[in-house]
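Below: a set of structures, written as structure tokens.
Next come two complexes built around chain A: one with chain B, the other with chain C.
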Partner chain A sequence: MRGIPGSMQVLRPRTADEAVEAFAEHPLALPVAGGTDVMVLWNMGLLNDRPVLDLSAVAGWRGVRKAPGGLRVGALTTHAELRDHPEIRRSFPLLAQACAEVGSVQIQNRGTIGGNIANASPAGDTFPALAVYEAKVHARSRHGVRVIPFLDVFAGVKKTVLNQAELISAVELPFLPAKPHRTVFRKVGTRSAQAISKIVAAGLLWLGKGRAVSELRFALGSMAPTVRRLRAVEARVAGRKLGPALVATAVEDAARDVFPIDDIRSTAEYRLAVSRNILRSFLQA
Partner chain B sequence: MPKPGIAVGRSVPRVDADAKLRGVAKYIDDLRLPGCLYGVTVRSTIAFGTIRKVELDPCWPWKDAVVAGPKDIPGENCVAVIEADQPLLAPGRVMHPMEPLLLVAHPDRNRVWESSKHVQVSYDERDPVLTVSESLARKQLLRGTDNVFKQYLIEKGDVATAFAGAAHIVEGEYRTPHQEHAYIEPNGMAAWVEADGAIVVVGSMQCPYYVQKALKRIFPGRDIRVIQAVTGGAFGGKEDYPSMLAGHAALLALKSRKPVKMLYDRSEDMASTTKRHPSVVRHRTALSKEGRLLAQDIDVVFDGGAYLTLSPVVLSRGTLHATGPYECPNVRVRSRAVATNSPPNGAFRGFGAPQTLFAAEAHWEKIAAETGLDPLKLRRLNLVREGSVLATGQVLKESVSAAQALERVVARSSYEKTRRTHAVCNRKPGKVWKGIGLALVHHGPGFTGSGEVMLASRAAVALERDGRIAVLSATTEMGQGEATVLAQITAETLGLDLSLVRVETPDTAKVPNSGPTVASRTTMIIGGILMKAALKLKERVVQELGSFPTTTKGLKEAGRKLASKGPLTFEEEYRKPPEVVWDEAAYKGDAYGVYGYEAVTVDLSVDRTTYEVKLRAVHTSTDVGRAIHPELVRGQIAGGTVQALGWALTENAVFQRGRMSNSQFTNYVIPTFSDAPPIDLDIIENPYSRGPYGAKGIGELPHNAPAPAVVAAVRQATGLLIGDLPVLPEKICHGLLARRKAS
Partner chain C sequence: MKREASRAISFVVNGAERTYKGPAFKRLIDVLREDFGLTGTKEGCGEGECGACTVLLDGKPAASCLVPVSQVHGRKVETVESLARGESLNPLQRSFLEEAAAQCGICTPGILLTAWSWVKAGGSADPEAVRKHLSGNLCRCTGYQSIVDAVVKTVKKRRAA
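Take a look at the complex of A and B:
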């Protein structure tokens, strides 16, 4: 253990207002929600002497509520709560599935949706689902709430566009206009639990008249510094019938929106090939 | 299956279970040492070069800390194992990343890490040797004139002539990677200096007398006492490294005049302590038309890392197991362990045999692919039986169970039928491809060759004043259950209830030198010595009293009567069975007194979308001679199997410029409970006349077969022979893409 307990200064706001005030006063403080990522860094001694903004007592940022045209998920809602929530499972099943595959049961019990987003890992398990559901992130500061489209939250590996004094307060999930005809969620890890993703995929497909594609939404994680929607593929198939030639072209197009790399977890070649396989079987099904 | 005795053959509660379940067992981190300092190690950041300067930050409050360097070492600056080439603290030359340079102790456990950050080291860096091929090409000379730590040659028959007359000649190359032991408890050690100048060390270790031997050269003229703390797993990883850590803790204790504790965290432990030797093994095999072995020509290269440590003996075991459990009239095995600029590799369950047996078994798949012969039939045709002659000329005289293990696992796993149904399923569309693979292995328990004779291990049984029997040996309990097994053997020999026998803590001040707790030797060798010691005690008591009492009261009385006539401790030494003959110079003869045998099938599926491997079922049939404690034997087989499956499938140690870059469990992926397959365990008891109650060793054997069985199963599923562990989904993907491109 290289973290120094004696060096830790803890700020513990009770309300949203207190939280943003405290953050404004201590801009170097590290916001902590479930703490599952913080614990690792702290243990390595990387957070010594840094104040901690413990958000766990901010009751207003917990839980799932109805909102106009959708659901409002408090930033402190845990993966376990989302995994088990009836309304999430009914209307946003890919998110429930993603939450069921995060880390382990223990991590699902502690880790929160807001923390997951703020941590901005390229391998965030919930991100492709949130991307295809076109979620919106509420960033709160003492000046009010800024609503940011989900894909615009990320600025790079472990980087967000959140300002110095902003905290994620909620994630808004707009209901889908119609039930999709096909959905897919797939996490490709290194083992069956406690795995960091090599690839995460989520997709929604609506078919129209004559089984032509009325809309495709498909997102990939761990394939670029941030989660990516496959815009080229989505545009390619829109309004057209899914025949073998179109599927083959669409699968080729998958490379246009992602930038997979070789790292200690996998290879670029594997990531691209498997992403294409997932997309192909989704479109062919 | 033989009938259970009063203690042997029964799955009795472990003697250490109570303390561990109640959480009162004291691991080194639990040990309170009032006023102790905490020590950390300043390590090299380069792979190869010389130290230009070491500077202590003048702004840091060093008055609270104690710093020790090479100049503080009173004796030799070395960690003696087989040789003494490894320094305790690098004196000027750096041979690998994470090499210890300097030690810092501080009273605050959390702050001590900060102190170590205020030591600046500058280097003159040189181009390092990072692979065995760079080492063999002598990119830099790290050792002698050729970078070779040790080499062996086994020759039997006439290999060249046999190749000339062969119907089939098959060549293949196989590679295995580093493997981390992943014991639950990282390395840790405490040390202090007694008023009379004696040094005492306590810690997590396998071999107290190895530590003592190493410290005697570092601290000459001092008494050295070594005590094993409760140890949370080792798997070979605490065979030689604790000597280094004990030297560090003792050096800081000597300089500071205070007790010092050194506790590695996971990342430091993984990045700086030993790993399984990576290997490159090449096979060239001559076979008759029907698949009978005519000649095996095998070349073995192990990556030893920067210092010699245990590499010669790891290589020796690897060399002796390289042919697999098969009889072949003409054999040549040439093996070398070479130096590279990475932390020294060391002992790990199987000790070189898993590497060479992986190659031998995976090579059957290559032979099957090139000849069209069936891998099961090939094994049936060539496996060793009673009377078979191994490459060293050893004639197998008893307890030879290769055929029995093979046939039992084939039957229990429905191997042949499963293979046929999988083949049908793989031709149809579906989500997965399926495969079942087979491997057959052996393992020689106990030290190789003359090792046991040279160790001359001793162990004793004592009748104590309170009417209990004490087992005195330096053999360490590290989770495997040896304390229970040694107590069982002693109780059985004396005809006593197990509760009357206690096992002494391994402490060099209290127990004789029983050698190291390694090499699957404990049950067979130390158990055998204790059996003789117990018989001596029994004989003495019977001589005096006419019979041997079986109650505490009776034993107490016997002790009182005997005490006046001499000591009540009966010590015995290892005696080599006369029929076991080994010629070390010629490298010929009985390399091991006997062998254990195991056959394994692995049934798995490969996802056609993601190429992820899922284990469906594993079957093992294992000959242990006699299961002294059947449940512990099952634990060894199940645990060893899962550990080997991790090596086969997911454990990918990534080394960059000689340093492990994934030294945490986040990215070094060991199997979890949910990855462990259902395992059907089948224990065969084919007794060995020289083992206590017929027992042979079991600790290492289960690590040998699972990996090649995985490779065989993946070949059935995908058609790819991946001879380079681990079999990652990425390798399957790249193989399939390459095949598609080629066709």
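Take a look at the complex of A and C:
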């Protein structure tokens, strides 16, 4: 079965207000941004007869802007735009690196950050970076904007806490209080392009007096139904010096915040072992 | 706000203004092939994986199997038919011939466009960088080396010129 174009009603709002009004009036409409997730399902004939809310013409939801204390990334901003954006590369380099690893050039040119988040795949490649940068998601409805801490957006595999009539309008990135001493981004997949991550990791580390850890933020994707911060590890190392014994214990702690599974792409054992290796080399560096 | 199953959608294809009338959620690849008779664009997977259907949308590679035509209103599309001028091939096409970078040819239109976007943007002649840029375009015949060689050769010639 293929998608049947004639079965689809397309709504094409031009402004944010029009978009949320249209969504309120047509709660069953399927939002489409870059279409790189939606069109795959549609091509399989899985979405026929649905009204479509084509967001691609909404002015104001595209691009990166300065905001108080950080940057505001419009939901329609593409992975390619984020990958190349000078201010993103300077202040949020792990996000730029993540976007450079999404799919292929073709997917990066079309896929959006809002679509990546709303799709809520356990393997969303931007998620660990957004988790360590403590991004906030703007969910907009006709009643206004609800600001949701990034980790709270996800309710499970392919599930978000967005209400029926809410659309993601932007992602807020607060500037870091100080430049981290170490950063890491790693995507582990079968090959470099078009590979859904087996593991995706992002980390930030600040060292203080006597090189004791003042703060660690470390997040893993593809290791649980939703992206996870390694809270046990972060707490373990806080305020302490990263000696071999502490690193070994911290690496053990990694299992406490994730629930990896065996699936077609990898095994739980492999995922945990590789995550621990990434964490270990980051902490040891 | 406009709400309809079909309406006139206008965009520039290979330099000429075209208007499509029909279902707004038709895929760009199908509009190009069925409505405009531009059958150079090929369908491989229909899932965004293989790159065979790549066209340039506002100059940038996009998988036309994943683009609803409603989204190209007012924009610029280039297909493989835009590369040659009559019988005269563009430099990248000439390098593909010289390096034997096409065998069965099904991947070739998509690869030419992805590679052309690289050449036009002043991309480097580093084979690794070329491979990375082309990583969303699959080829089951050539083993890629001849394709990379052809792109590198085109970049170098352009620089020398």
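Worth pointing out:
As a convention for this text, the second predicted complex is superposed on the first by the 284 of 285 C-alpha atoms of A that agree within 3 Å, B and C clash if a C-alpha of one lies under 4 Å from a C-alpha of the other, contacts with A are read in each partner's own complex, and residues count from 1 in each chain.
Following the convention adopted for this analysis, contacts are C-beta pairs under 8 Å (C-beta built on N, C-alpha and C of every residue); 3 or more make two chains touch, one makes a residue touch a chain.
Because the structure is predicted, anything quoted here is derived from the model rather than measured.
In the superposition on chain A, A:190 contacts chain B only, with no contact to chain C. Contacts of A:18 after superposition: chain C is touched, whereas chain B is not reached.
When the shared chain is aligned, chain B and chain C each come close enough to touch A:6.
In the superposition on chain A, A:52 contacts chain C only, with no contact to chain B.
When the two structures are aligned on the shared chain, A:39 is found in touch with chain C, with no touch to chain B. By the document's definition of touching, neither partner reaches A:64: not chain B, not chain C. Of the two partner chains placed around the shared chain by superposition, neither chain B nor chain C is touched by A:76. In the superposition on chain A, A:269 contacts chain B only, with no contact to chain C. When both complexes are aligned on chain A by C-alpha atoms, chain A residues 3, 5-6, 40, 43, 192-194 touch chain B in the first and chain C in the second.
Across the complex, chain A is touched by residues 109-111, 113-114, 265, 267, 608-612, 650, 652, 654, 661-662, 665-667, 669, 671-672, 674-675, 729-730, 733-734, 737 of chain B. Against chain C, the residues of chain A that register as touching in their complex are 3, 5-6, 8-14, 18, 22, 32, 35-36, 39-40, 42-43, 52, 54, 56-57, 80, 103-107, 109-110, 192-194.
Residues of chain A that touch chain B in their complex: 1-6, 40, 43-45, 48, 186, 188, 190-196, 199, 264-267, 269-270, 273-274, 277-278, 281.
Listed in rising order, the residues of chain C touching chain A in the complex are 1-6, 22-27, 30, 46-49, 51, 54, 57, 60-63, 65-68, 70-71, 73, 114, 117, 132-133, 135-137.
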